[in-house]
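Shared between the two complexes below is chain A, which has chain B as its partner in the first and chain C in the second.
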Partner chain A sequence: MKTHLFSFWMVLLSMNIYADSYITLYTKCGKTIEAIILAEMSAAEIAEANSYYTSTYPNATYLASATQTYNCHSYAWNMSQGGQTCWLNATVNSLNDNISKYWSRDYYSSTEESKTQKIFYYQSDHSAVVSSISGMYESKWGRAPLMRHAPGYGPYSNMDKRFYCRHDVVYESLQCSNGTGTTRVGVSSTYSVKYPGDLPFGSYVLPTWIVEDGKGEDVIGTKANVTISGTIATISFNASGIYEVSYNLHLSGGEMLASYWFEPIVEL
Partner chain B sequence: MKYYLSLLFVILLAGGLYAQESASKHELFVGYGFAPIASIPEPDLPVDVMVNAPYSTDNKRFSETINVGYLFHVSDPLAIGLSYSHNTVKRDVVLGSSVPLAEIKNTCHTLMVTGKYSWLRLKQFSFYSRIGVGIMSVEKGKMDIFDVSSEYMNLSSATMERDKCIVWQAMPIGVEWNFMQHLALFAEVGAGSAGCGMAGVKILF
Partner chain C sequence: MKRILFLMLSFLLLYACNENTNCVTEDVRTREIVEVRAMNAEAFFSFDSVTNPVVWRTFQSLEEMQVACQVPEDILESMSTDNLIQTCMNYPLYGNYLAYNNELEGIKFIINGFNGFAELQNREDAADRLIAYYEGIDVRKIAENAITLSATKNELSVLHIGYLELILSSRLVPSLYAEPNISRLEKARYKKYEDKLQNSEVYSLQVIKKSLLLGAQIKLKSKEINNEEKSLLSRFVEMGGEVNTLEDYTKVSQIINK
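So, the complex of A and B:
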């Protein structure tokens, strides 16, 4: 009988979860993320969950109340960056297809444990952020409270299987077709990003090519004839000198994502 | 203390007088096994609906084993036979790193084919190695849910089922003391589902 009652409760719970409204979030680069606005649990459920999870995990620190309105993934990847309160499932169609947009050619990329800002527990369907307390993480445990805990401590299995992410501005050099960096007036050279398939992309990512002379003045159309094709620029210079060619990726808000540069020396 | 040492000496002496004149064909033994080890199947535990994570077991604790067996000597040093072991295993139910939320207790029955090879025979003592392989039947478990549990825990929905697994036993060193004509004490050390050590008594005939 208890089993049937529990199944009935689970069905009701599922109906409750999936009856709420779907919304679209965007990664920093503008990829779409599916999320859900959920109704809150009852006050009794919240009180019970707060009490239960703080008592059964004595080595974790309670930070915020249990709630059904957001989960671990939303807290780590969306809300900690100022996003709205919502529930975010890692998977929509295929395994982790929703959550992985945050680190797949986007604002975050993989890093090592000591430099991590955000953590994805890839065998536990869980996410966390690094705490201001050294060596600790903070994460929302499903509908249970937001807790501060050691990296491997929590209600999930396989919490030692972790994927680490952080945001870093990429500074790298461009590749030049003449190799040495020294060219002559009137000779065309191509400048390109070495691994264009790794560049962040999305509707908020704005690429720009810049060619400046030694004084930092824009010379496109004056001292430099430039033909742009995506991540490749073909440039011939009309005057000798030292120039700086750069390919930058910004967010539409102005924040730099990546900068690739080269300093060609142009001789007569 | 002196009394006990004297008594032991007398028993050893008496054992010598009753030394066997020819090897026995059959052995029946009863023994007590210490610290058994075995991998047993995980029970089918539900998922916690609050955090969407499965319950699991931790801190597996086997009881000592009661063992009985029969060995037939196919040759003087080599004997083969069957053994049966009975013990229980207790496991804590946890949710990730949680404190124990419940305890599952299972009764285990193990039937093993076993082989024994005697590699040194003295007048009253013989030294041997024994190995075995068999099947452990893990009876349907009984779960005791602790007071810490909340009404939202769905552990009570767990369905305990009977299960089976393959087990083994390796006792590289065993010693047998024939202190009477048809009776011996034995002790073995090694590892396996019947224990990392076993001691008991044998009837030889």
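So, the complex of A and C:
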């Protein structure tokens, strides 16, 4: 009887499009993230949760109702960037393997507290975003409400253990095999990214090599013979002048992620 | 029925004692001088002076709240097990489990943060009295109260049921999972589970999962399940009552309730 009752109940639940089901999200760079569409709690559960958290955490500001449809990680890393409403667990197979994709060679990278945009509480399985109110964070407390709070204020232990992230476009110089930046016509030099293992990657990341002359005109195949192998370009110039070699990473939507450049001076 | 009546009368009596005999220091201006004393060992502990909004607002972290909510050891030790359980149920931070992505992990943080649970582990009759408390909960009445908004301050809520089932699932008291307690626990769990299913307008899958979680912990202690079933239930427990697909809930339910 009880199993049948449960099965019947589950059939009813499965008719609801918000019943539990797994979906795939993507980081800005295109790495896959596992997430879940969860059925909502009852009105009574939601009301109790709202009441409990507003009275138990009076120094936090209630921003939105308790709901099971999304959690802290989804709010901070996915929904605040326009992603769909869903539940996102930090761990799927190994500790934080799912959530860490957002800042591991992706759109976000580690930073210091004063510059942070997103916060991962690494001993609390929790995430937050920086609030527009100075000194405050905003985070969804599990199934409980979305709250604005001081960085160390909330229902979690070890809230002082925080990892800070932000998005910055990287501008750095390329390494040149001849070192000095001055070379001669017909001489091959290699240009490379110093730490290729740190570069963002993913199905939405598009790398491009650009070689331009002093007028900003593309000279690949004309004044420059270029052989590309990933993050290394071997270039010999056919004419003297000042050139600009750059290796750029863009998202498929056009947004710049990183730009590495070098200005070789080519003499006869 | 007699047992339920007895329990209800006991709680009424104990609550009356608590109202009359707790002596609470009035100075609540700073958290350092908040001192809560239950003078009568027959009463459960009152957190009212700590949770006074003027005092409670001064706490700036969970750790500060936890420190303020500790019950003096001498009071804990002299408290009856029933009152100790009621004190744990009244713990002001009981609902924090809802903020954890894995609620079974969340309840462990709650348990580790309150000395009432440490004392409960020392009681020889903890399993018996916990089950008695669980048996005495009227899931239907709580649902009615939730719908009509008629619950009073000291009545249990839907959040409390989840809290208690997570405590039971946490294996805080290992003897819960030994005979004869485990059979009694399973019988009580089944009753709550069925009552929740029949009141699904109040008890969502989220709350029903906790009955399944407790059922999974009970089943994992039995020898009735094969390796495949054990693996599915273990994964279900590890994920704090979550599964990979909706169909897995039905599988888990079938294993637990067979």
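In this section, the second predicted complex is superposed on the first by the 249 of 268 C-alpha atoms of A that agree within 3 Å, B and C clash if a C-alpha of one lies under 4 Å from a C-alpha of the other, contacts with A are read in each partner's own complex, and residues count from 1 in each chain.
Simple rule for what comes next: contacts are C-beta pairs under 8 Å (C-beta built on N, C-alpha and C of every residue); 3 or more make two chains touch, one makes a residue touch a chain.
Predicted model, so just to flag it, every value in this text is computed and none were measured.
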item: Which of chain B and chain C A:152 touches, first, second, both or neither; value: both
item: First, second, both or neither for A:39, with chain B first and chain C second; value: second
item: First (chain B), second (chain C), both or neither touched by A:52; value: both
item: Contacts of A:141 with chain B and chain C, given as first, second, both or neither; value: both
item: Contacts of A:133 with chain B and chain C, given as first, second, both or neither; value: neither
item: Comparing the two partners chain B and chain C, which touches a greater set of residues in chain A; value: C
item: Partner chain in contact with A:22 - chain B first, chain C second, else both or neither; value: second
item: Interface residues of chain A shared between complexes with chain B and chain C; value: 2-3, 6, 10, 13, 45, 48-49, 52-53, 56, 58-59, 66, 125, 141-144, 152-157, 159
item: For the chain C and chain A complex, residues of the former touching the latter; value: 53, 56-57, 59-63, 92-93, 95-96, 98-103, 105-106, 109, 113, 143, 146-147, 157-159, 190, 193-194, 197-198, 200-208, 242-246, 249-250, 253-254, 257-258
item: Chain A residues within the chain B interface of the complex; value: 2-3, 6, 10, 13, 45, 48-49, 51-53, 55-59, 66, 124-126, 141-144, 152-157, 159
item: Residue ranges of chain B touching chain A (in the complex, touch as defined); value: 48-54, 56, 95-99, 101, 148, 150-154, 156-157, 159
item: Residues of chain A touching chain C in the complex; value: 2-3, 5-7, 9-10, 13-14, 19-22, 36, 39-42, 44-45, 47-49, 52-53, 56, 58-59, 66, 68, 71-73, 89-90, 125, 141-144, 150, 152-157, 159
